[in-house]
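Worksheet: one structure, shown below.
To keep things simple, chains are lettered A, B, C and D as they appear, and every chain counts its residues starting from 1.
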Amino acid sequence: MSAPLRITVWNEFRHERENPRVAAHYPHGIHETIAGFLRVDPGLAVRTATLDDPEHGLAPAVLDATDVLVWWGHQAHAEVGDAVVARVQARVLEGMGLVVLHSGHYAKIFKALMGTTCSLRWREAKDKERVWNVCPSHPIAQGLGDHFEIPVEEMYGEPFDIPAPDELVFISWFSGGEVFRSGATWRRGHGRIFYFRPGHETHPTYHQAEVQRVIANGVQWARPTIRRPDACPNVAPLEPLPPG
Amino acid sequence: MSAPLRITVWNEFRHERENPRVAAHYPHGIHETIAGFLRVDPGLAVRTATLDDPEHGLAPAVLDATDVLVWWGHQAHAEVGDAVVARVQARVLEGMGLVVLHSGHYAKIFKALMGTTCSLRWREAKDKERVWNVCPSHPIAQGLGDHFEIPVEEMYGEPFDIPAPDELVFISWFSGGEVFRSGATWRRGHGRIFYFRPGHETHPTYHQAEVQRVIANGVQWARPTIRRPDACPNVAPLEPLPPG
Amino acid sequence: MSAPLRITVWNEFRHERENPRVAAHYPHGIHETIAGFLRVDPGLAVRTATLDDPEHGLAPAVLDATDVLVWWGHQAHAEVGDAVVARVQARVLEGMGLVVLHSGHYAKIFKALMGTTCSLRWREAKDKERVWNVCPSHPIAQGLGDHFEIPVEEMYGEPFDIPAPDELVFISWFSGGEVFRSGATWRRGHGRIFYFRPGHETHPTYHQAEVQRVIANGVQWARPTIRRPDACPNVAPLEPLPPG
Amino acid sequence: MSAPLRITVWNEFRHERENPRVAAHYPHGIHETIAGFLRVDPGLAVRTATLDDPEHGLAPAVLDATDVLVWWGHQAHAEVGDAVVARVQARVLEGMGLVVLHSGHYAKIFKALMGTTCSLRWREAKDKERVWNVCPSHPIAQGLGDHFEIPVEEMYGEPFDIPAPDELVFISWFSGGEVFRSGATWRRGHGRIFYFRPGHETHPTYHQAEVQRVIANGVQWARPTIRRPDACPNVAPLEPLPPG
């Protein structure tokens, strides 16, 4: 039996402590809900970390023991320390996987890896979201059918300012009239990044089976192949060159 | 007659003042050599800026009047102020074009836009570089034939830690045995970015006709289509939604 | 003044002669409507060709004099001769631009260039289509705003079996609940291909200003940079090799 | 224990029977050499098929029982029947993996899936090939280091007329002065395609450990996620529409 895939679920964990409507859906925090459904898979070893932990729960030793990091943040992006962001970015480029959820589109770590504003249009209303599977053979899309619906969600709409994804997996339809590239992947350095749109804190989105399946597929997909620190080596020639 | 394309050529301009071997090739600085051959085109309005100018020569008013920025830096990347880097990045995402040359692979602005380490392998020796045109119909590749040679150049080799380019235009062959993706493009935000490898300061590379042609093609290709500031609008629905 | 861009608009031209509802919108054929709005631009020289012309109107001399070919077909894809398809494919690979419209997703020429089934889901009903601009800086997206609506159109939905586009320009929202990658580009050989979804024959879609703008932008974007026949040259080495 | 991955290695198998120099390297055919080193993995069930078998060894029942097809052809591409090519293409689009080797760049099946000429420049001489790993985290690149050398190989050089790969894994350096995108992947339909350049019949390339490793990695990478026949469904709306 192979070693378990080590997952760290990071959450800002502020809304749940401040807003009873959020706490009603996620009494122990969004991170514990996500960790809980991931733990059903015995091949995963799941821990959690939050903003208000020392070093935001992302000390070097934690990242050393993390294969894939899941990220949820929203109102407190600015409180995430730049040193921690740089540390996480370095680990992704070394090979650690990263799954960024919903409002994490504006997290420092996502913006640093994308290089763009990551802006979008948005609305908190009673939109229905229907997530279309545009790449049915993608590992992240397995077990889902051609589409699934989320009864009520915050709307995110195009244009979404991201680099063109390496792979576009999902496009969302919203009943208010917009579309959004809601599942997308990028390879950066030796690491794999998956962004998945759904998951506003005032809705029970992370309790929905299809959403759980996507995130479970996503952490498997983001599994590292290698971990290799940055280097910019000065090298000798492999073929004879003129002297000088 | 249409308005000229406004180019700003930015150069660190330190090697030329410190190293007589560099000054021999570029007595007025690499920026003046590049500006000089670009100015042959009456459709271009070319200015220059350097690290030791106030605000590195990149005050907001300069960027407001720049359609495409050309960047050469090497030994003093760390001296470029973070505020100026953020300002340039914002302008690129708004639509300004950016042409990054040679050791600019490690410039703060290039790393910020790529999100990766931008590391590579390298060697200063007597390598010959042969630049192969792998996308003959690309606008940047026009007028060049299937390949051209640079008699002596610094070697840059793979793996080069960049996001997969939107378009790969050139691959270089080095006589010491390496290869390199030496011409590549990315769209980021509303701006277009072109990286072109050749141009070590101790060689007369920017005096070579083919290299000049590539850079001239590159600034044309990077021409903005739009300039649009960042926004993340909260929008009303376009279709009727349930109240709430 | 530069030479005009030479456009050939190809149409199957059967629906218009068989179905009065179609003829009501396009009394002289879809090709003449498209040619008509393109001719407003004095920089374009536009001709038309149809299935029932000798050689489908696509004799070698016509293709020699065509910079960009626009293609509309639907019920008679199977009647397009394989030799003509091979001829058109060769020209695209040599550098001729190709703009494929609507039901042309199933045209032999589009399938040959894509290599995939080009299947999709579809419905003829009273869907509203809203076309979202997901790449605002793309030349094809200029002059349009973030979205535009087509009051009634046939629905095409995902998954659409195409190779991942080089550039995704538009995504459509349909009131019946689907989404579709409705504007996409590919480079194949030395030619540029643009697929644009709208344009069912029973609707007046090609009379709508935004649709006309997209097609006009598309033919400009697909303009050839080079025309180069296929070759697979046996070449001498550029560097000394051991004998043998 | 999971079911074995079912591999079919297809070979033209003409050179080996006609040319003693080829037979010296591959006395039972290139297919048997490839099948032999793949069979070392107990997780693979490997069979072979050749051009002169009935239906080229690719009857529907064989393809039904094939997860990944490996293809080597050269002098007799034209003898592969169009019906078999169409059958194989349909299976790839349904999800079967395809690994195309060396001169298979000109195989009907590869050209049909790419949509381009697949032309390149070439030379049979005493070139050394050095294969550079440009995507170190890619599953196909595992176990190889940053580069490996093939002492003598046929040269293939750029420009190589293929659609821009989804992932570029290897670039080759040749001692005669050329470069080549020698390892590339594409997703087409639900299937995965890997092209790998080395393997001229007059050299013992397929006996080299690194080459064997790449091919073994490639068949694992090309493993199907789904098998789904083509469909273009006419569907009912998911949301209420006006009648008509």
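What to note about this one:
Here is the rule we go by: a residue touches a chain if its C-beta (ideal position, glycine included) is under 8 Å from a C-beta of that chain, and two chains touch if they have at least 3 such contacts.
For clarity, every value in this text was computed on a predicted model and none was experimentally measured.
Centroid distances from subunit A, each centroid being the mean of CA atoms, peak for C.
For the pair subunit A and subunit B, the distance between mean C-alpha positions equals 31 Å.
Rounded to a whole number, the gap between the C-alpha centres of subunit B and subunit D is 37 angstrom. In subunit D, the residues that touch at least two other chains are 121, 130, 135-136, 157, 164, 166-167, 175, 177-178, 187, 189, 238-239.
If the chains shown are joined wherever they touch, the resulting network links each chain directly to all the rest. Looking at the complex, you find that subunit D touches subunit C at residues 89, 93, 106, 112-117, 119-123, 125-127, 155, 157, 161, 163-164, 166, 175-178, 186-189, 230-239, 241-244. Listed in rising order, the residues of subunit D touching subunit A in the complex are 95, 130, 135-139, 142, 147, 166-167, 175, 187, 189-192, 224-226, 228, 238-239. Across the complex, subunit D is touched by residues 121, 130, 132-136, 146, 157-160, 164, 167-168, 171-174, 177-179, 181 of subunit B.
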